[in-house]
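Read from first to last, the chains carry the letters A, B, C, D and E; within each, the first residue is number 1.
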Amino acid sequence: MDINVAQLFQTINLATIMPEIILSVMAMALLLVNVFVPSKSKGYLAWLSLAGLVAAGYTAATGWGLNIPSFSGSVVLDNFAIFFKLIFVVAAGLTVLISDQYMEREGCNQGELYPLILFTTVGMMLMASGTDMMTIFLGLELMSISLYVLAGFNRANIKSNESGLKYFLLGAFSTGFLLYGMALVYGATGTTRIAKIAEAAAKMGAPDTMLLIGALLILTGFAFKIAAVPFHMWTPDVYEGAPTPITALMSTGPKAAGFAAFLRMFLVAFPVMKADWSDLIWIMAVLTMTVGNIIALRQDNIKRMLAYSSIAHAGYALVGFAAANTTGTAGILFYMLTYAFMNIGAFAVVVVLGKQGESNGNVQDFAGLAHKRPALAAIMTLFLFSLAGIPPTAGFIGKFYLFSAAVQEGYVWLAIIGVLNSAASVYYYLRVMVFMYMKPAEEEFGWVKVTAPITLALVVAGVATLALGIVPSYLLQLAETAVKLI
Amino acid sequence: MENLTNYLLVSAVLFSIGTIGVLTRKNAIVVFMCIELMLNAVNLTFVALSRHLGNLDGQVFVFFIMTVAAAEAAVGLALFISFFNNRESIDIDDANLMKW
Amino acid sequence: MDISSVFFAIVTIVAVVSALLVVTCKNPINSALSLVLTFFCLATYYVMLDAPFMAAIQIIVYAGAIMVLIVFTIMLLNIRVDANKKSAHQLVLGSVTGVATLLLAGLLLTRGKLAEPVCNITTEMINQQGHTQLIGKVMFTEFLLPFEVTSILLLAAMVGAVILAKRKLS
Amino acid sequence: MSNILSVMTFLPILGVLLLLFIPKESKGALRGVAMLTTIATFAVSLPILTGFQTNADFQFVENVPWIAAGPFAMRYNIGIDGISLWLVILTTFIMPIAVLSTWTAVEEKVKAYMICLLLLETGMLGAFISLDLFLFYIFWEVMLIPMYFMIGIWGGKNRIYAAVKFFIYTMVGSLLMLVALIYLYFLGTKAGITDFSLLHFFDLKVDPATQTWLFLAFALAFAIKVPMFPLHTWLPDAHTEAPTAGSVILAAIMLKMGTYGYVRFAMPLFPEATHQFTPLIATLAVIGIIYAALVAMVQEDVKKLVAYSSVAHLGFVMLGVFSLNEQGVVGGMLQMLNHGVSTGALFLIVGFIYERRHTRLITDFGGLSKQMPVFATIFMIVTLSSVGLPGTNGFVGEFLILIGAFESSLRWYAVIASSGVIFAAVYMLWMFQRVMFGELDNPKNQVLKDLNLREIAIMVPLIVLIFVMGVYPNPFIEKMTPSVQKVIAKARIEPVATAKAVAPVTVQPEAAPAHPAAEKPAGH
Amino acid sequence: MFDNVWLIPLFPLIGFLINGLLGKKIKNETVIGSIGAFAVLCSFIVSVMTFLKLIGLPGEERVVNVKIFTWMTAGNFNADIAFLIDPLSCLMLLVVTGIGFLIHVYSIGYMHGEEGFYRFFAYLNLFVFSMLLLVMGNNLLLMFVGWEGVGLCSYLLIGYYFHKKSAGDAGKKAFVMNRVGDFGFLLGTFALFWWFGQNHNIWTIQFTELQQNAHLLPTGGVVTIITLCFFLGATGKSAQIPLYTWLPDAMEGPTPVSALIHAATMVTAGVYMIGRMSYLFIRSPETMMVIAVIGGCTALFAATIGTAQNDIKRVLAYSTVSQLGYMFLAMGVGAFTAGVFHLMTHAFFKACLFLGSGAVIHSMHGALHHVHSHDDAQDMRNMGGLRKHMPLTFLTFLVATIAIAGIPGFAGFFSKDEILWQAFANPLHGDLNMLLWGMGACAALLTAFYMFRLVFMTFFGKCRIKEGAEKHLHESPMVIVIPLIVLALLSIVGGYVGLPKLIGDLVGGIPNYLEHYLEPVFANANEYMKDHAHAGHHSHALEWGLMGLSVVIALVGIAVAAMLYLVKPDLPKKFTSAFPALHRAVYNKWYIDELYDFMIVNPCKAMGRFLWKGFDVLVIDGLVNGVAHVVMAFGGVVRYTQTGQIYNYAWTMAFGVVAIVGYYLFK
């Protein structure tokens, strides 16, 4: 069996993975630059990373509609992947913008941060693009390993250590289940290629137990990444301890990546078993929303609160998944994008208001912000309203589509539970606003300085949150197109 | 060649032992070792299935899992050290600053 | 019962016992050494499964690299005995869950149906062409991309490990 | 000008943009710009009033695609008919008054306050003119935000509780409505409806069982907003804590959203369910009338008293609207306007004395008439209007409602509700007496100043309206009649004798006993 | 031809607006008073012209509707601002504007120097305006406008001295009780409108149209309900049992108000309303009986209370209630003309009495003020012998008293006697007639007694005023006295427009002008009565006898009063100490106010308090907040699952896996 190199290279189209290549090369270049350019300030690395991300995003976007499989079918650049890649670019881009100030303040401003962020982005992109379980697995691991490091990046901070440790152990543990599931699927179908799994599964007629259980174990693995109950337990602790910008990234990028792989696996490989897994996802969605929201009601630490809220948001997205129709999946795509904007926006404000040593991160510390820094409070309000799903913000449109999908599929109760959860969630978002607007300022917020990158991040996130709430049509249509191809 | 099921059973046993270890041990490094044990169990499943199916994809997968395991070990142990530097302990019970 | 079955049984016993030791040993070093033993057993299985290349890298990567790293860390952190003061409920719950996992896996294996063998790789092929070459062919054709990704993965891990384990920042 | 509705609706947003560029220290400029904006909005709304053709069609319609993705198509579809016309005018009319009322009451964070007011105006106008269900929902929710801030930031002691309660309470209801809305839409898509335009859904036949649920969801949202007993408890809190302008707007306009919602959406969309739930809603409305009156009677806080009186008044509106005949619905619509004018004025009045005395407890007052004769006169007129004295606006609405209800199947409800007029007199006059009459024994009250020119200027338009609408309500009625007839035609499920054409008022031969079974008294 | 009738209410409205808006600026009392009085005078003149025009018409054309503009139209409901000019309304116009004008003039003197003088005249004009609407409205709704409008003015004027708590309370009480009545009025309107519309597709509330269609109405049944509703309205407005208690309290208002509103005009609105809809009421024998009985009871009941009051105005107030009872008695026995007749004569003499008492109080007040005494200027125990100081006032007062007591030749005699006779002889109530007559006669006795008691206590005997104050007592100025004289004259001659047929025949065929004049109004009702009830024939002798009896009764009453309060002034004290409980009960108005407080007011307040604190706050809000608290508490519990322990988290995950896999394996 000779290897036909020519034939091999015919299956390879580097354009497919060009975004990943650009980011990887950029990351490596940054590693070198970091070593060889002696500069105390690392801000320029952020701008370089941003440039790389934008380039990667642009490259990805140029592939819209082309739908190129490559590497003998282990990866593909279809609209679905491109949409998610853009989400990752947004998440990572906003993250690098808000990182510099934070890292500077916390005294851990090491240049390696940016390459790691880029690596984790590459991982996410591979998860979105992968059409082979191995690609997905490796993407997931690349993403996770970089994130483990990033979570523990603030080495001097105990919480950061703890966060890294917890994330690592639990992440590795969940990987075990994921892999076991993949093994079972492999055993049941004899292949790791998603398309072939789908073929094999379709041939079986009645779904085989082995395949079903394999799929369920894979589901638990992804559920861990998207922080769905009962695989959510790591989320609050890890989010709270990780450096704030990284928390922002973790709550958006990996969650979206998890959904990307999740959707691709389940909608392409296991649609025949939809009847089996959609009930499960139904229940998970309810639990996830409810648990996330009701615990968030009682949080004082804003990062922890946003962590629980992030669990709840995964629950909303799962509503769309349970429906598993075009509206729902497109809704997830759209929601993940808007969630990236609004959540990182909110975290950006948290970053700005934080003090050295991760202090000043309680809701109470927001007291009177609106009187001293009205613009900051206003934009935070926008993000919070969007998170709460109140029009005319992007968060509302996103939720609208997700719940609509459920209604469309006849899951009216799911939608009702969803909206009730939404209503409950309003309480804790409002609570932040209560402190910002309705309590007297105890401090002058003199230390608060909004640097240029953060301003950019806030403006971009703010404009996007509002614009996607008022004129979401274009992006919704894109999301629609994106999910139609899988 | 031994019956495939036996291999799968052994793998399941090892996987379960690994799970028990993760759930019952306190030392983070031991917990990590147990996770490695779980991964190895999966590896065995893969290889056995690969052999049964007569296709090498599973073994390639194992190769990647090993790579990942190595990478995880590197990062994980670095995290342990970092944690230890601050807490003078490697007990996972001591990772309890953040809760509720 | 033929020889190979007996051998399989012996290896299995060793593997399971050493795995149990990993979980039960109070001293992490002992656990680590038990784990090495388990790895060897697995390597043996791989050989028995006509996967000598996998057996080799099992020894090299796991027993050689990972375990050395682990033992090294244990030594570095100077932890000796796991003062296992785990509460009873944790032990019970953990064990029950673990056993449940096992039972479910067993149940699954009895119920589950595997794919029909494709048999494009046969023992003869392995003997003829060599396992390494066959693996290499697959890895560098069909799974070229994942292979390339591992390089990034390792780089990221390396950078990360360096960052985290570096001497304390001033 | 074909897009006059849009101009009117978004003019306040333009004002907000202007305000953003004014430094927050120059309060005068901030107030001035806000005032000018609201006046300009009012001015823009006047051509709508004059240009409105008295027919049942939606007019000044603008209909352009907005969102189209997935199964949905939302349109920027706005228009006005006889039902929304007056509410829109009421809104634009009340807003300058609200702005003027805060001239000295709000000294802190003037900029934010004015921004809130203007955003609120856009939200409310948008909700009234939306003909697209989705667009309506957006505006419906958008209204909450500025109001939440107004209560929460500029409110009284217990403001945060009130603000959060207001927000979440309303939110719960409206979210359920959202689900119903989506459900309805998908029902519609099966019948070939391709967008959220309200007019399409009017023609949709929904099976009665489904209607029940959809109606309940809509009704809940609206009932909370109205608010109907027993969903009213957010209102006294919100009113008591809100700053004057907030209370005024809340009472005068926002509560109307609920009743408007019934007339515009819940009833015509789900006629069978409307029929089915009429007894329930009428019961709640009547309970609300009596209950709120009794509770209002023993209130110690003037503002809370007025708040409870709102509950009672809106009970009347609901009763009228659900009597589903022309008198009732017209009366209900009219009563919405009346309530807007009189209760708005009452809150302004409470604001005046609060501004002077920083208390709203009835016991802190007494004998103010002596010190503040002009105020006393105005207060008296407004009180009487609220009580529904003939000659004032309050009477016309109440009377039409009651006669409408009496004519419909809600006869006995009307009888009980009529007793509400007694209670209204009791609590309002008692309050008036305790505040304005008696010895002027509190030294703090002895130095009170009468209303100044600005305050009088605020009240005069309202007073004029009180009388104009009381003495000559016909122009108001005429403009809304065709639309009301249309709604009734949609919302009724069976032809009833009263729906016959206006009868010739002559002696009829005795052999014409029209006795349809449907008109038997509701047996409750 | 009656195109200018809208001027009648317009003048007082203009007066109200001028005084109300500019009065404070004008300041000059003469100007303000003149404006007020002039406005009413203009109305009076137009009224007279209208009246003259009307009686110039043939009888059957004497009902004219004048539409001004459409008020409201909604569906089949239509109401116009339109006026009805017919004999009844014209009569009322004359009474209202005539007496109104006199009282305005009187007020200029009486209210001199009062704070808020302009306010008083503004209210008074507003009252006249409302009363005119009530009278002239051609439909139920417009009548209701006036109906409530006069209630409002009554409220405002009772509470004129708003700094007095009692005044405010009294005003509120009046308004609320009137509202109770209005509730009935509204219901009646609804029911009537609905019944005609529903059954005959006649959707109207216009009086003439209703009358045209009255033949469609059944006897009793629904008509009873409708009329009882209306009658409830009448009891409120006209202070009948059970809603009479506001009227005595209403004496807190300035005396001209009492005269105008609470004696001559507003309180008679109920009577007017029944007269206006006689064709309706007559169709329900049950209602007629209720009216008659309640009228009779009120007449008697109020009279008893009147005997024990010491406040001069309160006596007059109870007297008013009692006289109103007479009017209702008349209406209830189908003697509509008699009722209206008594309405008119009562307006004359009671206005005169009130104004006279006002003059007395005015004088007393001035005198007491001079000696810095805080004695009650209205308490008859402080008066006595005033006839020397105020001869003109005394004279007019005496004339009016004789009139009310029912001494032949004076106005009250004719009307009262007519009522008593009709009560006795009416065809409607059968055996009940004796009782009705008895109550009326007893009331007449008591009336004569307490009125003369009043006269004796006030004008005769020793002057009991505080020492030194007596010399400050003096006759009132002309502006006060002239109206008194006019009214006293009217109290004498007013009765001759309605001479009983008996007397008329006797003195040479003088017809009963009033009956003839009102014929078109009550024709429908009278015809119905003729068709449906058969009067027993009563001889002239009986009628003469009863007439004589009533005169005797009046004289007895006067004699007793003279006995007790002139001849042996210490007898009453002995009497009261002999029956202390009885006296206390009568003096305290039979504790009816307390009963109402106990039965209605307090339970309502308690209920309100309970609903607020107990139900609203505790139950409803408790539920609402309870849901929130439960959710919050739940969150507080669930958050502890998040222990921060890795093994816990890992276990949860493993458990999740086991549960999911287990479920699907065992499914």
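Definition applied: a residue touches a chain if its C-beta (ideal position, glycine included) is under 8 Å from a C-beta of that chain, and two chains touch if they have at least 3 such contacts.
Computed from a predicted structure; not experimentally measured.
Each step here moves to a touching chain, and the least such steps from chain B to chain D number 2.
Touching chain D and chain E at once are the following chains: A.
A comparison of C-alpha centroids places D closest to the centre of the full protein. Compared with chain A, the chain whose C-alpha mean position is the greatest distance off is E. Interface comparison, C-E versus A-E: the higher count of C-beta contacts falls to A-E.
Centre-to-centre separation of chain B and chain E, using mean CA positions: 97 Å. One simple way to say how far apart two chains are is to compare their mean CA positions; for chain B and chain C this gives 7 Å. Each chain gets a centre from the mean of its Cα atoms; for chain A and chain D, those two points are 44 Å apart. Between chain C and chain D the centroid-to-centroid distance comes to 71 Å (mean Cα coordinates, whole Å).
Listed for chain E are residues 628, 639, 642, 644, 646-647, 650-651, 654-655, 657, 661, 665, each touching two or more other chains. Residue positions of chain B with contacts to 2 or more other chains are 15, 18-19, 22-24, 26, 31-32, 49, 52-53, 55, 57, 60, 64, 68, 71-72, 75, 78-80, 82, 85, 92, 95-99. Those residues of chain A in touch with two or more other chains are numbered 134, 137-138, 141, 145, 148-149, 152, 155-156, 164-166, 169, 173, 184, 187, 190, 209, 213, 236-237, 427. Applying the touch definition to all chain combinations yields A-B, A-C, A-D, A-E, B-C, B-E, C-E, D-E.
Across the complex, chain B meets chain A through its residues 15, 18-19, 22, 28, 31-32, 35, 38-39, 41-42, 45-46, 49, 52-53, 55, 57-58, 60-61, 64-65, 68, 71-72, 75-76, 78-80, 82-83, 85-87, 92, 95-99. Listing the residues of chain E that touch chain C in their complex gives 647, 651, 654-655, 657-658, 661-662, 665. Residues of chain D that touch chain A in their complex: 66-72, 109, 112, 137-138, 141-142, 144-145, 148-149, 152-153, 159-160, 163-164, 167-168, 171-172, 175-176, 178-179, 182-183, 185-186.
Chain C makes touch with chain E in their complex at residues 86, 90, 93-94, 97-98, 100-101, 104, 107-108, 111. Across the interface of their complex, chain B is touched by residues 133-134, 137-138, 141, 145, 148-149, 152, 155-159, 161-166, 168-169, 172-173, 175-176, 179-180, 182-184, 186-187, 190-192, 236-237, 240-241, 304 of chain A.
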